[in-house]
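Just below sit the structures, each encoded as structure tokens.
Two complexes follow with chain A in common, the first pairing it with chain B and the second with chain C.
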Partner chain A sequence: MRETRLWLLSLACTTLLLFLLGAHFALMHYSPVFYGQTVEETRTFAALLERGRQTAFLVIYLLFLAAALYHGLYGLRGILLELPLARSYGRWVSGALVVVGLAFFAYGTYVTWWTFTQ
Partner chain B sequence: MSMTSQKPIPPRPNALGLKGWVYAGRYSFERYLYLLHRLTGVGLIVYLLLHIIETGQRLAGEGAWTALMALFATPLFKFMEYVLFAAFVFHALNGVRLKLTELGFFLGRPAQPVYPYPSSVKRHRPLTYVLMILAALTIVLGGSSLFF
Partner chain C sequence: MTHATATQTITFRLRRYDPEKDAAPRWETRTLPVSEGMTVLEALHALKAEQDPTLAWRSSCRMGICGSCGMFINGLPRLACQTQVLHLASDVVEVAPLPNYPNVKDLVPDLAPLFEKHAAVRPHLLNGADDQPPQGEYLQTPEQREAYGQFSICIKCGLCMSACPTMATDPHFLGPQPLAQAYRYCADSRDTGLRQRLEALDALHGPFQCHLAGACTDACPKGVDPALAIQLLKRTLSLEALGLRGRKPTPREVPLAAEFKPNEKIPAPPPRTVPTHPRNP
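Now for the complex of A and B:
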């Protein structure tokens, strides 16, 4: 049951990521096609702060960060747990990935919040 | 000797090890999609972690950020960006296929196991082809707008 819930959460994250990552690529990597702006213009420090100060972007970035980290590390866990190693290894892998995920989420949240408050 | 006295043979999970990930054997096309899905997935998670650190460079101020963006504007990084885009497109569209089939779509109605046995893989293969053609087109179009 626990594994089913973890899988369902990953499934929900994929749906969110499909839209958010698609939009992220459109904005940051294909801005000339979608926004009529050069990539360099989209990535200036001023443009970065202008976007980051908006509440909508704050919410989107945090959702994006959480969904991408969860889905990515959940997938990595699945790969690592398939390795033919000792049973206790599974608990260590899961624990280590939770720590890594929380650390990166905390750092990403701090950077996002710092931008929002500039 | 009775059958009940025999100890059961313990299962051997992923007995092929690394070879099991790269050798498709008789499992054909979908097995290679599975391998590519894993490779792109690992690549994307590694990139995500680096990307979180890299975007934190803004904390060092405008000068550091501008220098980093100048580095990303070089042809090598442009190419790596395109590889990343291609990995995302493939992973996303193959992921759509996996989720749809895991949820029971495009598998047809359940049938009696009568020889020749129906294959769920073959039943959803048209979906596989459509999604992979879509992925290829998106990757080509993405490359044309990034480089030209």
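Now for the complex of A and C:
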């Protein structure tokens, strides 16, 4: 039941994004309220590196990356599949988006891991 | 045709197309005196009888049960027999064939895509006895009947398919009517055929392409609510994929009475007045 599982996974990613985006907003835009730091302090490169070296943030970043990529690309797949084209076009769309998604995930993981190892 | 006392002259813009004569569809304007209570279907009959006998459309029962007279009337898919002209509250009534279907001629859509997609979801009871006619009755409680009853009153008019915005761009999308009927049978306690329908349902252009616009429910003249049926279908498929749906019990046949005993209080029928026929012995 491939399509059903892909859809359920998109729901799971949407739910995960709700929490991760909430945490992101709290940290990056409301840090005086939640962390006692000014917005400028949380956005310096030094602060970014310090967060990136923590295992918890490594996990959060990778989850955020995976959930956002899947959510976005699954949605884009839905839009592209609604174009009035041949039925076989659907397989090419899915395949291309898998390749794009994996490529972006690999790049994002590389950047996240590089930060973690600094 | 005679009408009641005319109360208003209405302008009808009719979409005309004769594939043997026209390169493309065109609009034709006609006027007709309309009285209170006159439906669009009655107006079309009057126009055909009095002004243009070549006007073509499909209709049958004229009472909202056959589903034949679906048309695009003033920007919405409606049954012509259920749409009163004066209730449209407009001096101009535009009548066009249903969108999202090929056009055969004038107001006649080609409904073959609807019937093909409907057939693809196997809209009949599947319970492991496909090749054998039932030998008895399947019992069903009122609650079990209620679970799918609303969705069983579909008259296959195709208005929902015309209203659906996904159907407008994606010709491969199954559409509200087939998906609603797929749920109707999956929800029927006498049916165990969800897995047999998966090839059609768990597909790229299946129920997960529905974005819950709800236009199908708005258009439905019988209150079927196909949008609800599609969301319930998504839930059914999700539970099945997660292994949480549980196994449906095999429908139990209750044998018919071995010997039929007529009710003695009911008088016997009168003797036949017509010869017997092979199909009606």
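By our rule, the second predicted complex is superposed on the first by the 118 of 118 C-alpha atoms of A that agree within 3 Å, B and C clash if a C-alpha of one lies under 4 Å from a C-alpha of the other, contacts with A are read in each partner's own complex, and residues count from 1 in each chain.
Rule of thumb we're sticking to: a contact is a pair of C-beta atoms (placed from the backbone, for glycine too) under 8 Å apart; a residue touches a chain by one contact, two chains touch by 3 or more.
Just so it is clear, the model here is predicted, and its values are computed rather than measured.
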Margin query: Per the contact definition in the header, classify A:Glu82: touching chain B only (first), chain C only (second), both, or neither.
Written below: both
Next item on the list: Examine A:Trp113 and indicate which partner it touches, taking first as chain B and second as chain C; both and neither are also allowed.
Entry: neither
Margin query: Which partner chains sit in contact with A:Leu8 here, chain B, chain C, both or neither? Use first/second/both/neither.
Written below: second
Notebook entry, point to check: Is A:Phe19 contacted by the first partner chain B, the second partner chain C, both or neither?
Noted result: neither
Next item on the list: Classify the contacts of A:Gly90 with the two partner chains as first (chain B alone), second (chain C alone), both, or neither.
Entry: second
Check: Between chain B (first) and chain C (second), which does A:Tyr35 come into contact with in this model arrangement: first, second, both, or neither?
Finding: neither
Item checked: Greater chain A contact set [chain C / chain B] -> B
Checklist line | Set intersection of chain A contacts, chain C complex versus chain B complex | finding: 82-84
Notebook entry, point to check: Which of the residues in chain C come into contact with chain A in the complex?
Noted result: 166, 169-173, 198, 202-206, 208-209, 234, 237-238, 240-242
Check: Of all residues in chain A, which touch chain B in the complex?
Finding: 11, 14, 17-18, 21-22, 25, 29-30, 32-33, 39-40, 43-45, 48, 65, 68-69, 72-73, 75-76, 79, 82-84, 100, 104, 107-108, 111, 114-115
Note to self: Help me check something: in the complex, which residues belonging to chain B touch chain A?
What the structure shows: 12-15, 17, 38, 41-42, 44-45, 48-49, 52-53, 55-56, 58-59, 62, 65-66, 69, 72-73, 81, 85, 88, 92, 95-96, 99, 142, 145-146
Notebook entry, point to check: Which of the residues in chain A come into contact with chain C in the complex?
Noted result: 1-8, 78, 81-84, 87, 90, 94
